[in-house]
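Here come two complexes built around subunit A, the first alongside subunit B, the second alongside subunit C.
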Partner chain A sequence: MTTFLQQTFNGLSISAVYILVGVGLTLVFGVSRIMNYAHGQFLILGTFVGYALVSAGAPWWLALLIAPLAVGALGVVLYRTMFQRLASDHLATFILTVGLGIVIQQLIVKIWSPEQRQIASPLTDSVEVGGVIFTDARLLMLGICIPVVAGLIWMLGHSDVGRRMRATAENPHMASLVGVDAVRTTSVAFLIGSALAGLAGVLLGILFPFTAFGGNAFLIKGLAVALAGGIGNVTGAVVVGLTLGLVETYGSAYGVGPEWQDGYAFVLLIAILAWRPQGVFRGTVEV
Partner chain B sequence: MIGRSGIVCALLAAGLAACGGGDEGSGSEKGTVTFGADTQLSGNLQVYGAPAVQGLEAAAADLNAAGGIKVGDKTYKALVAAEDNGSDPSAVGKAARAVVDDGSIAALGPDISAPVAYSTWKQSGVITFTPAFDLQATLLEEADANPLLFSPVPFLTSLFVTSMKQTAAEFPDIKTVAIIAPNDDEGQGASAAYAAASQEVGIEVVGQELFAGNATDFSPILTSLKKKSPDLIIALQSPEHAVAILQQAAQLGVGKYGLNDVMTPDQVLEAQGLEDITFIIPNFNPTYSPSATIPDYSPEVIFGDEEPAGNPGAAVALYYSYYVLAQAMQEAGTATDAEAIAKALPGQSYDGPFGTCTMTEARDLQCETLLDVVQGDKVTVYRFPNPSSVDPSAVYECRGGTCKAR
Partner chain C sequence: MGRRRRVYVAVNIALALVVLVAVPTWPPHLIGSANTTLLSVASLAAIWAIVAVGTGMFVNLSGLPTLAQGGLWGVGAYASGITIIHLDIGFWPSLLFAAAIPALLALPIALVALRTTGVAFLVVTIAFTEFIVLLITNLSITEGPRGLQAAEPPGSIGPLEFESLSSQYYLYLVFLALAIALYAAVARSRFGARLRAIRDRERLARSLGINVLVHQLIAFELSATVVGVAGALLLLQQQVVTPELFGSLQFIGIYLAIVLGGLTVLGGPALGAWIVLFLPLWIGSDDPNMSLLIYGVLLVAAMLVLPRGLLGALKGWTAGAAEPAPAAEPGPGGGDVALPPPVERTAQPLGDVLLEATSVKRWFGANRALDGIDISVRTGEIRGVIGPNGSGKTTLLNCVSGFLATTDGAITYRGEPLQGRRPDSIARLGLVRTFQEPEAFGSFTARESCELIVASARSREAVNEQLPEGADAVLASCGLSAAADLPVTELSYGQLRLLGVAMALSCRPYLLLLDEPAAGLTPTDAVALRDVLLNARAAGVTLVVIDHDMSFLLPICDSVTVLDGGTKLAEGEPDAIARDPAVIAAYLGESFAKRRAGMLAGEKG
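Up next is the complex of A and B:
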């Protein structure tokens, strides 16, 4: 039982990352209809910005604030300068965002080298309860992911900016007719979605060593979460992200072997899409 | 003013120069020798490929500074033609073809999809230096059928046995081991070889797990292994995987010892959360780590003033590989006949900045080896005279980059 509880805690903590990545992707797509294939590299950029800040002497908690904001700002700049004009051309945005991901990866290699890095933090202790080890870094992941995602869901459902996002997601033309600034609203979606990737990156960088090359793995998991959750549906992304982390962990521990870790994720995705091609929940920005 | 005959002469001269731009030089005229590489200069495996090419380029620069490669009465300029496969198995074949088009007489093979590159080079008569586990097996089993195949490092299967013997001799309290490796050809091969090596020295293998290549969270594996109480965790392949595995092992209280054969003491000292683990690093040839520099070595010859990037042992291995190739050319009296050069390669020794390395009759390059042990901020380096030795010729205690013989 102790082993099972340990696996569950480990699975929940990795779910937190999948949720942050998937929610960011689904929010951006839901509002803008742009699938950002550079999103995984945004996550890695977040880890490296966090690493650079901490290496320069900033406390880790400050990196946890600044790195997501920096990545969020990059998302807004890229939307306003590039994505906005190509939003209706899916092939062009595909090529553009894939290319951007490669460029960001190579820039990271150029600046920080291909070597592995890790964000230094004092979160190396753990608490043992009934034989289950709760490490500080994993507790931090859950402790940040839960309020951030809860706050986002509340914001989408109850705030003016959330209403504007939902209106833009539903019909940008109609939204603009009733006074919603679609460009500004989409910029906010890019700010939040990209910042969530940056936040996931810093949290990962505190828990695991990282290199410039890990972005695609998280992009694919994020896409799986966004698609299976019903693209644009934040609650759906949360449910599927949570399930994905647990399925991966239980599958690795009790399934045919940990080498199938990615396989479990895609079996889950295929099963969900075969059952409900539109995803578990309805699409467009929903909470 | 240049007349018509002058223009004709100039065109003829240019044409002759273009025709002779590949290999044979004559008299005082210089030709070129090209050591190619189909390797990982970008992507997630560039930590192996980039330093290997750094070693080749350092050797070429030193050979040229000494007047070039002299073969008979001809002198050749040493060149390196490195083709990047981007750590992408599907790009290996194209890079291998480019190495042939570069006019390479010898080439370093990739760490991934090595047989693909080798089949191209075998057909084209390119002497192949392979670091890959599967091609080393081919060399061991079918040496006569592969006369142009060489290894720039000692054969890994026998090295693993020696490494485990060295480890068991130094740490007799290690009774059980768990091996965690990536799920690819190299990982599976190395895992099986380490398991066999462990059993050969009487260490019980209590777990052998493979993981997906892009994994970062190893806690499911480690939580399952915890019940089996391994003393030693062998975390194979890339440094980022090894650090992640052993950090998480330390957090979950799994294993007192960790082993990885491609990391450097610097990487272990820089990583957080490994302070309570005794980290064992077998090195299959001499290497350089600023935190544990052996006093006899001259790392600046290869690395200059820069901190080594990636796996510095790869740079040392390829530096020596170029030198023994040059010597084989001199002995064979040709810079273009690959078969003659390959025949002359076994037995070539070069005494360089990291001691003496010899290409053996079995066609693996052997030098002295090192076993680094990192405990807290202390690094102990065991120096062995050859890859099969279990008795160290010297032991050094290193702190803050300074090593003193024990």
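Up next is the complex of A and C:
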């Protein structure tokens, strides 16, 4: 039982990363119809910006604020300068954003290093309750992910900017007719979605060692979470992200060997889309 | 294709051939790197070109960007290697496995992936490729991440030997030529034309009897076979293959080749493959990170600067120079439409019941779009369907034509139930519909559109022999002869509407369902349309026509069904319907009744 609870806790902290990545992808796509395949490199960029800040002497909590903002700003700039032109051409978007991902990855290698790094943080302690070990870094992950995602869902449902995003997602033309600035609204979606990737990146960097090359694994899992949850549906991404993290952890502990761990995301996505091609939940930005 | 353009293409092909065949004689200093030989890069480029052609063929003709071809390429390589090692067969027999096993695996992949479109199709093909890579990495028969080694030169065929690297290079070129020939044959075939029609406007293709899944599946299988064979060639050239070569994001290199050369041009993907592999060498970089960076920048630049690729851009320029724009200008108000002689409306004896709907219901959650409709249409009839917006007219048409499933009730056509049949299968029974918005296949001319449907309909059993056969006859009957060779994007609104009817008539149907065919037409076009419909009826076509234009609809109808709020409000002869107080209250309005009374008084006086 203790092992099971330990696996659950560890699984939930992995779920948190998948949720942050998947929610960012699904939000951006829902509002803009642009799938950002550089999203995984955005995450790694967040990790390295956080690493650079902490290495330069900044406290870890400052890195947690600045790295997401930097990545979010990059998302907005790339949207306004490049992605905007190719909206809704899936192949062109794929090629452009994968290309950008490669450029970002190689720049990270040039600026920092192709070697493995880790963000030094004081969060190395742990709390033990009834035999289950709660490490600080994993608690931090959950402690940040839960309010951030809850806040995002509240914002989409109840705030003005959230309503504008849902309106643009539903019908950009109609939304602009009633006075919603589609470009500005989409920029906000890119800011939030990319910042979530940056946030996931810093949190991961505090928890695990990392290299410049880990981004695509998170991209592919984020894609699986976004699509299986019903693309554009934030709640769907949360549910599938939660499931995927737990399934992976339980699967490694009780199922086939850990070398198959990456396969659950693919099997989950293929099975769900074979069953319901539109994903588990209805599309467009929903909460 | 103009003559100048044909000469231009022929010269380019000849030049390319000379350059390619001469590769083994090129001096080595033509490329900057000492570590790689020119021949091995050229060989790899030829193999990449085969993959790019095989993938580009599917992507261009179906409009669906796929990454499953990455994994299937790997399956081909491993199928060849494993059969060479474990079955102890030579290269040539292993080629059969390299073609067959990816094709076999492509079947379930396509059946799942083709349920989705757009970005979901792309992502689910990523998942399949990643899963294949994971299997290759973890299974023991594939030798894991270290890779599979098989150095087995192909046995000689007659006097041809394949021991030397240059002879193997020519072998790759032969396969590349075969792949391009296959692409050309598919693109120019009727099958390829139907695929493009599906790509341009899927639901229109369905409504005209084209089975979407079968066409896309066959194209996917062909593509899988080509990349599978290229996998075997890759193993032959590299002598060892590793799983990560075939990852979905590694496949971006192939896409870079496809878009650099130009997706829509036959030779584009092949040219792109050469550029992608030679460019880093010419730039003189041995650093793999540097060449990756170059790729990244190229991908971004290609999409922003040359979205149609090099050959696509060249094609645009030469075509623009060689072929003047069509001189025919559509006249104002569709005045160029040559009207056939009008047919007088004659009282014809009606035949048996052709279409029967019994208490048909279609609910969308709490919204009861159709709430128990009975309708019965007899052979030879023109039935009008009218009613306020939201009364269920189009929903009824969608249910009959198979585009929507019914919640309850039965629909029979010629006494046979239609439930469970797909739209294309219903269309092949001779029951064809048109759409409320004018739809057309964007990359076709008017004549090509009709020819495509005429050719598809030829093999069907249920064709109305009384209707004229052949695209020209159909176009003439719809007054579109003068516009036959215009791209559909240049047709006027009225001509597009008439083309919609012409394409439906190309199926030679028994029953034609028309959704607001006169909406937005000028009076001249509306007269032309009326004559087309009356001519069709004279040729034995039964018609069900939804419209809001009473002056168009009522004179041609034998009877009218009025819908309101998902139920049938009234049914009867046009004159009786126009006087029915309930219909006037719900739909026609008092002013219509007064106007009509005035019109009738005027006729009598």
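Throughout what follows, the second predicted complex is superposed on the first by the 286 of 287 C-alpha atoms of A that agree within 3 Å, B and C clash if a C-alpha of one lies under 4 Å from a C-alpha of the other, contacts with A are read in each partner's own complex, and residues count from 1 in each chain.
FYI, a contact is a pair of C-beta atoms (placed from the backbone, for glycine too) under 8 Å apart; a residue touches a chain by one contact, two chains touch by 3 or more.
Values in this document were obtained by computation on a predicted structure and should not be read as measured data.
S.K.: Have a look at where A:Val109 lands relative to subunit B and subunit C in the superposition and call it first, second, both or neither.
M.R.: both
S.K.: Is A:Met82 touching the first partner subunit B, the second partner subunit C, both, or neither of them?
M.R.: Once the two structures are laid over each other on A, A:Met82 reaches subunit C alone.
S.K.: Is A:Gly214 touching the first partner subunit B, the second partner subunit C, both, or neither of them?
M.R.: Only subunit B; A:Gly214 stays clear of subunit C.
S.K.: Output check: A:Ile270 vs subunit B and subunit C. Expected answer is one of first, second, both, neither. What do you get?
M.R.: In the superposition, A:Ile270 touches subunit C alone.
S.K.: For A:Val21, using the defined touch cut-off, is the partner it touches subunit B, subunit C, both, or neither? Pick first, second, both or neither.
M.R.: neither
S.K.: Counting only touches as set out at the top, which of subunit B and subunit C does A:Ile133 meet: first, second, both, neither?
M.R.: first
S.K.: Thinking of the overlay built on chain A, is A:Thr3 touched by subunit B (first), by subunit C (second), by both, or by neither?
M.R.: A:Thr3 contacts subunit B only, not subunit C.
S.K.: Look at A:Thr249 in the shared chain and tell me whether it touches subunit B only, subunit C only, both, or neither; answer first, second, both or neither.
M.R.: A:Thr249 sits against subunit B, while subunit C stays out of touch.
S.K.: For A:Asp262 in the superposed arrangement: first (subunit B), second (subunit C), both or neither?
M.R.: Both: A:Asp262 reaches subunit B and subunit C.
S.K.: Which subunit A residues contact subunit B in one complex and subunit C in the other?
M.R.: Touching subunit B in the first complex and subunit C in the second, residues 106, 109, 114, 216, 259-260, 262 of subunit A appear in both lists.
S.K.: Which of the residues in subunit B come into contact with subunit A in the complex?
M.R.: Per the touch definition, subunit B meets subunit A at residues 42-44, 46-47, 50, 87, 183, 209-212, 214-221, 223-224, 226-227, 239-240, 243-244, 247, 251-253, 267, 271-273, 309-310.
S.K.: In their complex, what parts of subunit A are in touch with subunit C?
M.R.: Residue list for subunit A touching subunit C: 29, 35, 82, 85-86, 90-92, 94-96, 98-103, 105-107, 109-110, 114, 216, 220, 223-224, 227, 231, 259-260, 262-263, 265-267, 269-270, 273-274, 277-279.
S.K.: List the residues on subunit A that touch subunit B in their complex, please.
M.R.: The contact residues of subunit A facing subunit B are 3, 6-7, 10-11, 14, 106, 109, 113-116, 118, 120-121, 124, 126, 133, 135, 204, 208-211, 213-214, 216-217, 248-250, 252-253, 257-262.
S.K.: Touching subunit A in the complex: which residues of subunit C?
M.R.: Residues of subunit C touching subunit A: 59, 65, 112, 115-116, 118-120, 122-124, 126-128, 130-131, 134, 137-138, 248-249, 252, 255-256, 259, 263, 289, 292-293, 295-300, 302-304, 307.
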